[in-house]
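Which chain is which? They are A, B and C, in the order written, and residues in each are numbered from 1.
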Amino acid sequence: MERPRHQGMAKNTYMRWRLPLICLLWEVAMIILFGVFVRFGPEADAHWEEEKHEMNITSDIENDFYFRYPSFQDVHVMIFVGFGFLMTFLKRYGFGAVGFNFLLAAFGIQWALLMQGWFHSFQNGKILIGVENLINADFCVGSVCVAFGAILGKTSPVQLLIMTLFQVTLFAVNEYILLNLLHVKDAGGSMTIHTFGAYFGLTVTRFLYRPNLEQSKDKEGSVYHSDLFAMIGTLYLWMYWPSFNSAISEHGDAQHRAAINTYCSLAACVLTTVAFSSMLQKKGKLDMVHIQNATLAGGVAVGTSAEMMLTPYGSLIVGFICGIVSTVGYVYLTPVLESKLHIQDTCGIHNLHGMPGLIGGIVGAITAAAATEDVYGKEGFIKAFDFTGSYKTRTPSIQGGFQAAGIVVSLLMAFAGGTLVGAILKLPIWGDAADENCFEDDIYWEVPEDEESDVYHMHNPDKAASP
Amino acid sequence: MERPRHQGMAKNTYMRWRLPLICLLWEVAMIILFGVFVRFGPEADAHWEEEKHEMNITSDIENDFYFRYPSFQDVHVMIFVGFGFLMTFLKRYGFGAVGFNFLLAAFGIQWALLMQGWFHSFQNGKILIGVENLINADFCVGSVCVAFGAILGKTSPVQLLIMTLFQVTLFAVNEYILLNLLHVKDAGGSMTIHTFGAYFGLTVTRFLYRPNLEQSKDKEGSVYHSDLFAMIGTLYLWMYWPSFNSAISEHGDAQHRAAINTYCSLAACVLTTVAFSSMLQKKGKLDMVHIQNATLAGGVAVGTSAEMMLTPYGSLIVGFICGIVSTVGYVYLTPVLESKLHIQDTCGIHNLHGMPGLIGGIVGAITAAAATEDVYGKEGFIKAFDFTGSYKTRTPSIQGGFQAAGIVVSLLMAFAGGTLVGAILKLPIWGDAADENCFEDDIYWEVPEDEESDVYHMHNPDKAASP
Amino acid sequence: MERPRHQGMAKNTYMRWRLPLICLLWEVAMIILFGVFVRFGPEADAHWEEEKHEMNITSDIENDFYFRYPSFQDVHVMIFVGFGFLMTFLKRYGFGAVGFNFLLAAFGIQWALLMQGWFHSFQNGKILIGVENLINADFCVGSVCVAFGAILGKTSPVQLLIMTLFQVTLFAVNEYILLNLLHVKDAGGSMTIHTFGAYFGLTVTRFLYRPNLEQSKDKEGSVYHSDLFAMIGTLYLWMYWPSFNSAISEHGDAQHRAAINTYCSLAACVLTTVAFSSMLQKKGKLDMVHIQNATLAGGVAVGTSAEMMLTPYGSLIVGFICGIVSTVGYVYLTPVLESKLHIQDTCGIHNLHGMPGLIGGIVGAITAAAATEDVYGKEGFIKAFDFTGSYKTRTPSIQGGFQAAGIVVSLLMAFAGGTLVGAILKLPIWGDAADENCFEDDIYWEVPEDEESDVYHMHNPDKAASP
């Protein structure tokens, strides 16, 4: 049984040489660069046995592996299953959603280990890696997954790999500016991951504007089962977000606190999302798009402040607000962005990562500015903001100012980077689909015959005869 | 393409103002109460740095976060993905199953933090929370998820939020009576979570009896894919149950032992479930309802005793029995409950949580009564049952008696609470669906067009013209 | 609405007495054997409280539970969700894939606790178990899941339970020879789990060769949704593989290192899999079979060497090669195996576990042979290869030789064991399906009515009248 041909497949989406070439080229580059630069950090190296004696460490449990590995695995699930399945809501783009997310993330984490390694873990000409580097690499790729959401269904895998290369690079630069030059706190990445990732992606999709995308509108929706697949992604992101925001915080109370704050914020966010989803629909029915996405905004928005003394009720307030902002954004802002600003945002990342990311940066700045020795304790205060060395004299209000500057820098990097990458991706050589073939797996994937007709035939033998 | 209208939608299921109102009202209440009462516990507070010095704690790894966070995340997955997806087996109620479970659990954990906090973590006018409180809040909500299973598909989200408010309150009271007044052990919640949750839910569904529910019988079944979605829920519950039963046990051997016992009980339970599922069907074929549910009974039934010296073979015996009891319950008891007692139990929680919960309470009482210093060691014996302070003189047989009393109290609380809540939910103002519209997402959700007809049309353009 | 009858169901697939009998028989045997032999290990026993004092252990965090439990849970997910859902790709065998995998694994872990216990944890007539035993039992069952992949859709559950009994037994013997007699390192099981499991399964399926299997060819494929379900399995295997390969390594640097190496190998493997999947298809489209399977080969292939100083770039190279080997295997080798050697390998385990397992054994032998005190440090060198006691004088090159011998032994055990079990399973008494009914859940499961026709009717009331 032949599948009907797509008419007017004007564009050349043939991937046979382009995709293999770029995959192999970049993987070979990774091998060479890893060979030159990457080695095990002290806690993963077999010399750790001797290191322990020298540093008077009495137990293997002090290895950073045991502080961070469970969080790492949760973050890992968020990147690959969370983002991957969240994007399977489209009725005929499930392979692309999960598969391309898998591809870009698998490449991205390698390149991120190098880029972040050069900036943060470079010693004597080598990048020394441990479990914290794996988490940071996953974080970095998280921002690419965010941007992927904006262009979902409209780009070729080659474009995605190119975007990943550039975005990871720019992420690492931006992160270096924020964490090292501005000495900003952003453990859960409201600024570095979400704000940067979202506005980067939105700028890229603005460049790739397709005026005739309505030709694919029949495919830009969900079906019953695809919405359930997407809920797998949603729930894993929601459940593991406390791990995300606490994964690279300082050992002890900071990790503990970050998890609690995030748990609270996310819980509140669900209630206001449901409230506004029902309120903004004239029949009062709930919309799965909101439940799948806006419920997560609370996690984004405490990304900067979760490890601070935001307090549980502060977290509830942030989650409360973000559920509303995000849901309202889906209903009113996304259509306007497309019609007025020509920003076609497939997954609505502006509502899930953009605005909540900005709110997260602001909440972080305020929380930092409001910090006192009374609330944190004398030692806790210094530890929480790392007011040591050349930052010994920094006051909370100055820290708040730097935090705010971090938001601005992230936005500027996102717009500049998005412009660069958007321009590159617009070149007509990367094999993206024609407007009428967007949101369709058939272009890049071997798609099995429809289960519907198939099963239908299987159990209706007389019809099966005449395909 | 218009979806065909449902005939006779006599009841007013319009949620537009009721649902938003209750969500916002309760979330605002949470914020106020959290603001007044909830603060970080010592291990999550920034003062921990100083606390460590005072308490002579030399390593951050001693923070309770590292003892319990991995288990917490597993429990979190069980509540949101486990229960949520387990209930997606209905062919047209997947959104409601996952979505309403998400909603009630997100509200419930906040209210549980308060209720349980007042009873157990209240110091100087503040509730001090840490990772153990998060686990306990998830546990408490677990009992609501259990009760939800009985009324699945027959209630509005407003009713669910009201039930959650009351049930969490009653759960906390019951838990206080058991753990503090009776000094009963129930780390995995056979009594507090499963027995209480199940009989509470069964009482509620008895009150909400729908004599004409057979009008929805065509929708009260599964389809091929919905059964696979449900298996996601089943497996996550099954795999993570060792974490559930060990999550709040004492550090060290108790957590270790609880995980092993649960692992063994669950493994045995699968074998007898399969055996009886095949044996009780005249064609000898396996029934997914049993595999999805009865395989989990072994986890419920060692909820009280898992942290005790039940021993691996004791666990196998418990699992062996419960697989049989639960499967037999599905085949013979559920129909009788509906026809004779007018208890319509959508998910068969009586078989999965009710009877196994009772068995769990009894096994716990027996195991406690049979404890000896020889088996536990002198110190281990005192630690295992916390025979300190005013309980110094308690003997195992007295403890066994109190454990048995805990079962009775839980049952009484469940019946009384279920009666109260059932009566409230019966008021005709909450927007529940008419009998012919039960088990149908369309009432409360924006449901995308059918994928079947949709895809069918997409690939059969000539038919697509005439919807 | 009657489902159409399958014609020519010549074989007796009636399970009603055979399946319950074997399940109950074996579970009763487990209870008796556990009763006689299995007890808690010291760290899970209530005597631990006293043990701590004696051994001068100052903190409960030193309990092995906290070193290994998070990894255990990840491995547990891989066995039940990973393998289970990976095999749901078949359009009408999802229940069998997930359900039978559940059944055989639940039985297998019990039998493995005994078999491995007798070999490795036997003291004073008792098997003392702890969390490491649970991991090892899951590992052992992993090899049965691998073999199940070869015969997926062609065997009855009774056959699977018989195969599990034998394969677990043989696994334990082979593991004992490798780990204890040859003193070989194989923490991630390239040899013991993957090589043994794959060639065992391939030998069994060779014995069960069905010359007329093409009668079921219409069912031996995927549909759109079943491919997405399979991706759940793939991703969980992929994400948690670092936990798999590090789960039973030595505490500290070895676990840390094993996770990093596996992470790197898997990332590289995705890129080459995508490259070759596109390159080997004439339209350049990606094939979900490759993405679902070959991306995992990198995890298999560092199973032996991950805990050694393979280095991150070494891991990338291994992953790079295995993505290619595995994908090429799916395209060219699998068809040849069937047509020339009469090996019908449903899931292509030869490409995912067979060849990568062999590569893994070889890489392990080379890495061991290349070890130096310089690279590992003096103490680290001894610790890494356990060159103590009677192995004090072993050199790296000799160790490499023994590692290589381990591959050969595993292969021989697989062929011999597969021959034995294949011959037993060929007996015509186990209720396997006829050739035209393979890959069809309907034989062993109560299958709900088709959702397609069902939903179709539900929304087309005029057609629903005439089923």
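The rule we apply is simple: contacts are C-beta pairs under 8 Å (C-beta built on N, C-alpha and C of every residue); 3 or more make two chains touch, one makes a residue touch a chain.
Just so it is clear, the structure is predicted and the values come from calculations on it, not from any experiment.
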| item | value |
| --- | --- |
| Classification of the chain B:chain C interface as same or different, half of numbers criterion | different |
| Size of the rotation, in steps of 5 degrees, that lays the CA trace of chain A over chain C | 120 |
| Rounded Å distance between chain B and chain C, as computed from the means of their C-alpha atoms | 31 |
| Shared-contact residues (touching 2 or more other chains) in chain B | 61, 66, 70, 92, 225, 232, 450, 452 |
| Contact set on chain A toward chain B in their complex | 3-4, 61-62, 66-67, 70-71, 74, 91-92, 218-219, 221-228, 231-232, 235-236, 238-240, 242-243, 251-257, 259-260, 263-264, 266-268, 270-272, 274-276, 278-279, 281-288, 291, 295, 309, 311-313, 316-317, 320, 375-381, 383-384, 450, 452-453 |
| Footprint of chain B on chain C - complex, ascending | 14-17, 19-21, 23-24, 26-28, 30-31, 34-35, 38-40, 43-50, 52, 59-61, 63-66, 69-70, 73, 76-77, 80-81, 84-85, 88, 92, 94-95, 98-99, 102-103, 106-107, 109-110, 113, 129-131, 134, 157, 225, 229, 232, 444-452, 454-456, 458-459, 461 |
